[in-house]
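Each in structure tokens, the structures are laid out below.
The same subunit A turns up in both complexes below, where it pairs with subunit B and then with subunit C.
== the complex of A and B ==
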């Protein structure tokens, strides 16, 4: 198996469409998905680099795996559903903490998916399929509803993340660049999302290579094993 | 998901051999090392069996175990774990919280009585840090709270090398190098026992389920995660493979590349590490132990031991292919890279790619098929041979054995579906066309090009002709027969031509033109043949079809002679032969002579005279009734005149004779002109034809390139004719006036004036006279200027002379000759204009320009 040169991880609550986004990008289609168990990953060749993209499970049960998946990540895609404000809240409450294991220069993208279901988003695609694949959250025929999460809210979260990571806004891509609204169903903005990220990740790979093998074991970062992470047995 | 058959379950040790019917006793642990199988039981016994493997033709095996020894350890405690250290001939036995070393063969404890006390569980380091082959590294979970100890175990002693404490009580351990992978009470961690650095993996709940920690290869572990996941983690604390999805109650896991095997109360499940999918499920009740030992997977219930025998990879791959599961077969094949020697792998993998290609092909997935054929470096002939009759009969090709696919031919594959068949053919066309110029074609160019030709011909494809007119390797006999069958005669001609059989090619095309055979490829085939012959260097061939070509069209046919490449023509074709041949074809003959005379500019009298005579004949022939002495000149006449004027080599008198009788005054005039009989010529033009412009043109024509005097003479003759008293026609007088006025410069006024009738007014000749006057005045003035200039030049010389003579100087013995530096002995000297003095003889011997003497320059 070829070692990937960089890693991108998709995080977000269950049912927001992480698997669908990845499937849309990698397989150019939108089909029924089942709620992800554990995680899955794809290898994407971008220029001469292999980038692995991890699809994680949003289900609470698998929450504990997130930290390990994020370890050494070059970029994290935080995904929410534009029609479910709670899914954005969850990003901050539940998922942001998982990214502590990512690279120090890890990039964050915030992606509001299922734009096609909201009123403004509806104009993005005229094709109207009878019913959305009925799964837990939006199991019924989906009438267009006003968009519930505004892009500004995502950008505000982005800025919060920078604060949390103690990053200077000047050193990282601007919020406008890192907040996307997508639809896995119509494909809207999906290529843009992944490919802009790849383009940003490549220089990081190069930088890392220039610095020699990635910090094998960074003693200064040593954290004595502790019980900090979520207790157990949800 | 269809299932794969990756393993079969065979019995190794049956119940009778072990516990028999003693219900209370059951199997606690198992160890296998080479042929040695050890079983530890709940009653503190160790059994030693010898495993005999018997290979079966299907690639699997059966096992028979014979009991070697049975030893009771002497405690009423179960034997928790057994580990063989074959290099030391020792078996490590964990029983009653203590690890004892016993001899592998007789199961006797080592005499030293060395042991590790206080162990709850142990793990052998399969990637040891120490290089000493006579020791093994053992890692134990100590009975002490939250403590892991690392030992070196020798033949008959043990040595503790490290003790580390863990944040929580460890429940399971595996080790690789310095890295411990631990299941603690609430989470899994990686702990480097050398540096003490720990890395969290992920949380789990030990109260709900027993953890599994299993080293699966270098620096990688398999762990039981939440929700029945089999999670992979490296010593760096990251996951490089997606998890496999087990049932919630998995109790054991083993690895047999590329599979992860798991055991729960009812099933043994097999997942692929390559695509994480469930591949096989074997019902297995009351399973209790699942472990792999150097690639051998053993499962046990509490009473009996079984072996999971892997089916050979190749068999598995073939099974997958047979059920058209291409993707999985490829993944499996590729995954085998690390298990098979490189050479063997490549052969195997290539074959799988090819087979996969054929499966895709049969499903008309041409894009995928093509890529597989390409990466599998398929011998293209395998593909061609699917299509009936495409391979040349001479081809030595035989399909590979065992076959790459199940199809006899395309008919079988498409089951006679014409549309599918056509699609397949189109694919092959594009595929062959693509590969024919790549290295894939090396060695079988003939087969490929011949097949391509056949496909094109059959499909009536335009590229057939392109193929034949560019470099190709089509085999002649095979291709010829096929083209004939499909009535592609024109193409067949091209094929013959490509194979240097021009005669056959032309014969074929001639037959098509003649309508003997039918092929409408080219509507302009006759012109094509003419062109072909024109560029053919085969004289014989050209002669053979010359008559045919000329009979079809003299004008076009003659091109085989007139349009040849000049050099080649000069070397090979004799014009006289051609002329003889063309006798029967008058139009062609004219064309050919024109070619000789005008294009090639041959100066042979015969050609020119012949051509002139032919023109003349035509002119005469075109004028049957002389009454229509039309003013307009026919084309033939124009050509004739042109030739008569421009050529200098024809026989003038001969033509003159021919022209005499006929009323062709203009031609006569030209001929007179050629004979320098200007007066006769002009007389005809002026008196017979009364063609004043022609007469003037004549003067210009004949005086071309001559000196002005000659021209004046001619014009003068014309003027005289105009003014001759014999023809007192008034229009001639007008012509004379015009001539003088328009061509004033061509006349010597002095000679003209006496000729003019006294009655003419000065007004009438004003332009001429003015011109003449001006000319004369101009000449005079020019002469005066020249005279003046000459005089002044003379004056300048005179002045110089006076100046030089005017001054005096003294010559004494002190003066030295500037050339030889000797004094002057005589009063004879030469003096240069700049004042330098030299001996006369010195001046003579120095051939120097006297105006620039450079005295002393020689020093």
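== the complex of A and C ==
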């Protein structure tokens, strides 16, 4: 049995493209995906480590399971749609709370997907209005077109999350490193997203191993202590 | 892995929700057992949704949208159609393109199925976008509440070549508008199946609670993404009518020793809280095993099993391992199980494990590996793979056989449901039918055959004058339907066959089925699997002595 060493969870409102992102990365293809039911589990080998990735359903209906998926997660990918501001708002309102069960040193990545749509849709309006939205994003390779959600907003959310988690900005990767804009359709930034996260998760796995046995009990090699015969069942 | 942590369970239902959970929990303190409502709806999320278009209570006749409300005839969607304007948010449309009731294409559909809330809010429509249909649905609500106000219940309207069937289930209203030869009873059964499908994703209690809190809640928010499952369910009635018509499941034809070995394998591989394991290929049953402690006195209802088979063949389960809550409406419409679904070895073989523990994903995954290894040892993967690839139907990897196998010339197609059950075996209702071959390879022809079967079925099971045997020479084929204490049979024969010839063919068919019955059906369903350790006893006691009162 291949045991996952680290866990990454994809969260986000429905129809922002979580499954498509994962599919693009794992299978190198983009297809019109169907709505995810519950959560789906994938295992990715990265160097000598097995990293499990949970793709979750963004539908409200499966919301109750969210914190189960997040339990023990080393990294959470919060996904929004750059063309739907509400999907970024939802991240804070509905999904951030689910990450309470993740590891205390859990990493957060904020990903604006469907960048391809904003490029297409905006190229016309750009000509009409004759202005470009200037310098946006430091770490993100962003096209110079108006988008519904600016990278700055994602970075602001990232800082809010750090506050929520009571983490010091100095101890965690900078917002520029953790905010991505991707397109599952073209594959833009998708490899960068997953692979930089994997690279960040690996040291966490090593650190955890160094810290000694995990808090969880491995049932398979657990030998129960000789049973004391107490009166209650006799 | 995550096994031993004691962080709070994800509590799909809040404490208040659990009061109507009838299902025993494993340990009263934790999140075991069958849960309520995965949705965890706060009041807040309800508030922000209502678009305020239909705030009126359903009983008010004023919810009639137009004054020129149509009389109860088949032109239900005719009037005022053109002035429809789509309402509601555009992103959550279910039907997609078109759907304007004035649209000729939309109107030419043989059968429409609608689901709406008591307040007249559209929830689902097989064709077209629900937004465009809000006026039409308003009329339906009006019809229902008009009859209701007289202390009566509207069941069906017959108008020329149309049948309109109404079914009220809690706060949901389901309506079928059909030009097919299906009887009202058959349509009603179809609506019940649609309702069961909705309940399986949301649970009945949760639907009731949502509408009790906010009458004009837009249920599409919760069903988004499930519409395709409903579409597939309704399409299957036209293409492959057996399952719903006969209330039975179809089994993958398989040699009895192999099927029994697989059954034994499923019983051997257990996990904590595991209630039911099912192996399926292309929506057909290979074998299933029930856990005694969970489903002891309760036979798995074929409708529930069919629903699961339909559910796991959804494209959403085509890759990876999935973990999701699902409700079995016949077993307990108010609680739900956690389902583990995975394709084995990238084959079309699908394993479904239903359990009560929301945290058991990794246990279930271990269980799957055991099943996988066991199947390799049995060489079952190859056999099942071959069974699936035999079919030349392009639609799915559905294992089947040719009608030629019967060796009765003149026989074109049949449905056979055995009614003789071996003693001491609680048999699952099953049926068998060969692949649809020429002349039934085209869509229209399949639809026609489905219509013929529905017609025969309606005549045999007519409440006023049931029949046992029908011999009918139709334009393009000869039909013979026969129900006895041992079987229910529908055959479709060449139009040139004589009556004596038909009887000969049917005799041959019956002999063939008898010879093959161990392969075609699960004659001796596996007994229960052994309960893993402690959990079972406490569950039974808790549920029987009534001490269990929820966490």
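Quick notes on this one:
As a working rule, the second predicted complex is superposed on the first by the 188 of 234 C-alpha atoms of A that agree within 3 Å, B and C clash if a C-alpha of one lies under 4 Å from a C-alpha of the other, contacts with A are read in each partner's own complex, and residues count from 1 in each chain.
By our rule, contacts are C-beta pairs under 8 Å (C-beta built on N, C-alpha and C of every residue); 3 or more make two chains touch, one makes a residue touch a chain.
Computed from a predicted structure; not experimentally measured.
By the touch criterion stated above, A:15 is placed in contact with subunit C alone, subunit B being left untouched. In the superposed pair of complexes, A:68 makes contact with subunit B and with subunit C alike.
By the touch criterion stated above, A:49 is placed in contact with neither subunit B nor subunit C. Residue contacts after overlaying the shared chain place A:164 against neither subunit B nor subunit C. Shared contact residues of subunit A with subunit B and subunit C: 1, 3-4, 37-41, 59, 61-62, 64-65, 67-69, 71-72, 101, 217, 219. Interface residues of subunit B, counted against subunit A in their complex, comprise 166-168, 186-187, 189, 191-192, 195, 197-205, 207-208, 225-227, 229, 231, 233, 236-243, 245, 276.
Across the complex, subunit C meets subunit A through its residues 1-5, 7, 9-13, 35, 37-41, 45, 91, 201-202, 221-226, 228, 314-317, 319-325, 339, 358-359, 361, 365-366, 369. Listing the residues of subunit A that touch subunit B in their complex gives 1, 3-4, 37-41, 59, 61-62, 64-65, 67-69, 71-72, 101, 217, 219, 222, 224-227, 229-233.
Partner subunit C is touched in their complex by these residues of subunit A: 1, 3-4, 14-15, 23, 34-42, 55, 57, 59-69, 71-72, 84, 101, 215-219.
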